[in-house]
């Protein structure tokens, strides 16, 4: 039985980790970290856990935790994981960081977009970007896994095959993304109140959202050249779900069949990426509560652009589910252990 | 491996059965019945099942089905199950009927409230009312299980201990129930359109809703005398969830502790009924996607009434989950097999 | 042109007052009070007002305000209005208080339910309870109008005719009320976050909600004896709207026609109270954005109880709209001036 | 008093016309046309109109209507208006067509995108495209006004100034649009059920939506050359509101100030188009229920693209409100008569 500790277990991503790990046959959570709720029963913070989780919230002591567990998940704001991690800790436990601290290889890019000094740049090279479908083998050997962002997971899985195969010009890529509100976290902020979000929609972080360089970096690895894109996130009145609509110029003459063949090549053997049938547009509800990503595309011959679409549950494949998938790789479990939930509809 | 067939697999309750049974280690669905979608791929009707269910919808032939499966679930409108069932079928398979056909023992009451002639009244006596927490032992031996209604499950589990123990006067009972919209089914009807339901709330079926006699009959068994109640359902702009707020006159002098002790007596050993801590009001979101029912109460000393509250997911404990629980009893599986989902929040 | 000042103009009720008064031909808002946003442009706090309201938020100085305006609306938390008002102010302006400070005649009841010391009990007798349909003539002559609560307006208008005419026993009255989330205000609190409210429903303040004594007091005036009721509010995932479902024992032998005749007697001449046709249940969406209250009823002959139903928009007839209606009475305008909005659907 | 008739008064756009015209001081609706509800009381179809509209639904007889009214609104599916209109009718009344029949000048484009034979192509040249901010003077003299589509109104008003002034390359334009569900109409279709739409999001009509050629045609007039764009609509779980996010390559060297100056040049004198302050992103809720369009932009220097954003209420400025605005122009009323509603928040 692998022992797991969660730092930041009372955020939405943290609580989703708890939900998923409760159904994982080889893992036991032994530490529910939460600075805000130390000594409070976890089930009082998340009452869905009543009579399921009996533990009390602990503080965020990574050193102590390293002695007690085999894997630490950090589901905390940017900066915390980097400020806590050190060689001694890494010698004892695996770390799966759900924050952005180890996602970007270039510390300058991190500090520019996150407006934070990076406290552990020495581990940037070593950390593995935990997009399982891309870096599966490297993840297995990692000490630090940088769990990808929600928007980035959806954006990359939706567009990467065509970038990698040279079917689209990556510098024409425009990603228009829409997210449910759980992505904004459980902080008590006015813009996230029900009455402000319900019956409303807006773009935010236009041209400045931090997931932009993460997408660019990963796509640049796929095509071996620098990539600069437009990325615009939007807030949608729903709890869960990210939908990505991506636009790019298609290599002239490329057919539907060729594009479909590329998607199949990359994803036919991937359980969690479903390439939909022709003509079907991904819908967030069809993946809700599950680790699936649904992708599809449509070519517009009038403009010679391709419209690529992807949908996932931001708390599962976009956060906690992918973290569990990474953990499964790290510990040699079946990759879908604890992740076999059928999407819940309606 | 128990083989299961579902008649009416493309309604919301039917599809929820599919979702739950896909995660049940001892059951295999071999027949996806659906009159409306014969020969259509199930995953085209419910695209969450893409790459999960590969089957094609079949018609509703119960006789043929009886030769192929061990258990038949009927998730169909009232009247169908009663019109199909016969002795030969019952000699071969177990039937779990999610409709109301076998819930009421008195055929006259059925025909009066449902405005339907009952086609198989000879099985009314034999059929077992499948509220597992009440009739567990009888369910185990049944041929026909009448799976309770969604509102009734919530109403009965919330109020029955106090009725049974004589702490409330059952004829003062007023049940004000609120339901998400999935309870209205997947029929394409104007009142169920998004724009008609969203940002709206209403009562319906006032003083005439068909779950009324079902609640009355079950509560009358608990207190050994006739019970007549008021029951008012309401439609709420959410997908899933039923909340019951029930009011009754409390036996004079009854204390909080006595009431709590009664709830504990009935439910302490019941996995799926959670008696919340003092002061906590059940919320539908805390049980979403799971088979739990959360109950609690508050005494109002000013009026000497007690307010009892209960919450469940209408598609799980209120329909498909309870059907699986009944199946587990019928076949001797762990009662919670396939039903260990942690409620999903948010 | 009547000059109006609003203390607490940046809450949801305050902003609804602004919306309604902008469409009132005889009123001009000259003071947008808001402790939280002093010196900030009002249109930056409520961006629907961009290019409509050009003013800047002011503090809550009631004395200074009294010199500049003819009427002051206080849309603030309990206690503030009572702490500010004095004889000099009342000699200069009319006050319409949207808080509960002057709604209850008995200072002990106020202090018990609100856990606050009342700072101006000397005005309790004089203040007029501003339920226009009940106290129209008194409102016209008032200096202080106590604008009724949202739940209370709906509860009283729905039940009062039958209480007044002795058709129901008021001490059997049980009011189960459901409200949209704007009733909880614009404070940044975790329970009001989108993800906590959406797809969720719960009761709250069970047996302790402060609108209880207000309903009881007003109904006791109607039947000339003390009234004690049960009142349970619920939170519903919608922005606006209150639905009341009320239950009471009906005077034996009372017919549908008699009940309808009583409702007609009280409301046939009331523009803002609509008695729906037989069989129609009020829906909150059908009154949204307007000052209407829709009411109807159903007799249950099985239990000899009557179910009364009412729906209104909590921010309009439940708060700002009624405040404008009171202002119209105070200043001799047409009672529906500024309140002729057709309900918005969908 | 201008007399108005509405053909198709029981769709969502038709009912919004009724709501708006009830508040218009110079217009009286004398004909509520509705094929589906002939002889039914209008207030039974839209119960918000109870005690407000007393009329009964009539059939769609345009010839008879032409004798009784001054202006006919057709809020019907494509094809109907073109099939009914003739010279005699046009000699008697003004027609404001909310369908697409007269929006596209080229009959071949219409027939290709709408898969319909056009029954009155002889009026295509004469009909005026009723985007008031663009064609104000022509509308005043028109006999047939082609009321623009909801997506198109938002898309054109958001992008047209920069197209017209040559600041963006129109053939790089990508419009990603999101709409509330009322745009899908009041037909009882499965995909529009509450449980299918709620907590869900999807693209639809990708690369084939009929508003595409309408946007292209209007933008081509603005820049005097053919324009081909990408347009992708999405369905969002809210009742009302359209949000447009548009991307295009910016003329090298263009500054924020230059872009803002262009928007101001076009819209400073336009009541219904609000250019938001720098950094503010349009939100659909801030215009709900009103005739406003909010627009703004952000330049991304990294890609040298500009992101333009616009928001409107699809039933008001996107349909009925714009129709009333056109009517005001036709009859010489104040352009904002009947359209002074302050947006409703929340």
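Labels A, B, C and D are assigned to the chains in the order they are written; within every chain, residues are numbered from 1.
Note that a residue touches a chain if its C-beta (ideal position, glycine included) is under 8 Å from a C-beta of that chain, and two chains touch if they have at least 3 such contacts.
For clarity, every value in this text was computed on a predicted model and none was experimentally measured.
**Student:** Could you work out which pair in C-D, A-C or B-C copies the interface of B-D, where over half of the contact pairs coincide by residue number?
**Tutor:** The pair repeating the interface of B-D is A-C.
**Student:** Where are there more C-beta contacts: A-C or A-D?
**Tutor:** A-D
**Student:** Between subunit A and subunit D, tell me the centre distance in angstrom, where each centre is the average of that chain's C-alpha atoms.
**Tutor:** Those two chain centres are 38 Å apart.
**Student:** Taking each chain's centre as its mean C-alpha position, how far apart are subunit A and subunit B in Å?
**Tutor:** 36
**Student:** Once you find the CA centre of subunit A and the CA centre of subunit C, what distance in Å lies between them?
**Tutor:** A distance of 46 Å separates the two centres.
**Student:** Using the touch definition from the top, which residues of subunit D touch two or more other chains?
**Tutor:** 12, 182, 195-196, 198-199, 237-240, 283, 285, 288, 346
**Student:** Per the contact definition, I'd like the list of subunit D residues that touch subunit B in the complex.
**Tutor:** Per the touch definition, subunit D meets subunit B at residues 12, 181-182, 186, 188-190, 192-199, 237-239.
**Student:** Can you check the complex and tell me which residues of subunit D touch subunit A?
**Tutor:** 171, 174, 176, 178, 180, 195-196, 198-204, 206-207, 228-230, 232, 234, 236-241, 243, 245, 247, 281-285, 288, 298-300, 302-303, 305, 307, 309, 311, 346
**Student:** Where on subunit A does subunit B make contact in their complex?
**Tutor:** Touching subunit B from subunit A are residues 12, 15, 18-19, 22-23, 46-52, 182, 199, 239-240, 274, 276, 280, 283, 285-290, 294, 340-346.
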